[in-house]
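Here the structure comes first, spelled out in structure tokens, and everything after it is commentary.
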């Protein structure tokens, strides 16, 4: 399968906290990964982003979609 | 700073593709990271997720927020 | 009302699972609908998308906003 | 593959508008689909949602992820 | 219309930057507003959030949906 | 810190409703704020958006990320 998403990371399930409707699943990512972000060009300039910069990548857990072989 | 997000990954900018309004920034993540996903409990059951499972984590690039020290 | 969103689908509530803070609502969509996706042009090329292709459209339930006449 | 997402819709690509960084892809959905939304329980009460209600489901196109067999 | 969203803010369009596929629209919000966030309970504890705390609310512009009377 | 996000609003925590996995946090925003939205250029035309227009900005609470000084 090919995904229309730039971030596709292999991970291992570490823990699952079941809730009534929503659950929180944690993963270990041990393989070096490449990630991508789409932001406004205005933000690129505002952050003065350039190759080599160290940043933090923040992602809310609700935006992370796990996919598993059936 | 502390973030109300479970995913907080240290990364290095690798490339920047500037567009008219939106830009695509790519990063290298070399440090092993922990990631988290919030999904419906129904999805947990549907995927039969359990600790030790290998999954792919899919994240659209528009959901990845870079943060940089000013 | 007009919405700054390309996906605007008429649906009928089928079931509601109430949770403490979040609830899961399911809908039937019987009318043929048109949907739209914004992805990176890089993803378009990576998927080799072209008119006529059959795809699956994946949307996390947290991104679906129900609107109802008051 | 199984997805940690409640919305998984079969669709046909109708048109592609390529942009410099982002592209807009439109789809026809002809098969009746089931959709799901996760909202606050407070919103369920505020909307007075109940089975049988007709609603509009609004989804921004950036949240729609196309997946295609490789 | 009633929206299954907790954030519903009245604003005035200040500027529009048209791009090939995506555009950036800026707004002035002059009326005091109430906003809401859904985060993991773990994040609430991690941030030690309590009434009266001052925080920054970060929202990517792709998540802001403008609605206008037809 | 600088954020790759156009919406960065100062707010005060008003209430917290703790759930098993997810919590709902409400905020007061008293300072006039500027907000930004990225939508398709097609939506800009469809809404006939122009400077001076009054709109509603709808944001699902799951997309609002609180940040607090450590």
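As written, the chains take the letters A, B, C, D, E and F, and residue 1 is the first residue of each chain.
Operating definition for what follows: contacts are C-beta pairs under 8 Å (C-beta built on N, C-alpha and C of every residue); 3 or more make two chains touch, one makes a residue touch a chain.
Keep in mind that what you see is a predicted model, and the values were worked out from it rather than measured.
Remark: among chain pairs D-F and A-F, A-F carries the greater number of C-beta contacts.
When chain B is laid over chain E using CA atoms, the rotation angle comes to 120 degrees (nearest 5). Each chain gets one centre point, the mean of its Cα atoms, and the points for chain B and chain C are 22 Å apart. Computed centre separation for the pair chain A/chain B is 1 angstrom, with centres defined by C-alpha atoms.
Under the contact definition stated at the top, the residues of chain A that touch 2 or more other chains are 2-6, 18-25, 36-40, 42-44, 47, 49, 58, 60-63, 65-68.
Contact residues of chain B toward chain C in the complex are 24, 38-40, 42, 58, 60-62. Interface residues of chain B, counted against chain D in their complex, comprise 17-20, 22-24, 37, 39-40, 42-44, 46-47, 49, 58, 60, 62. Against chain E, in their complex, chain F makes its touches with residues 3-16, 18-30, 32-41, 43-44, 47-68. By the touch criterion given at the top, residues 2-6, 19-22, 36, 38, 62-63, 65 of chain D touch chain B in their complex. The part of chain A that touches chain D in the complex is made up of residues 1-5, 21-22, 25, 38, 65-70.
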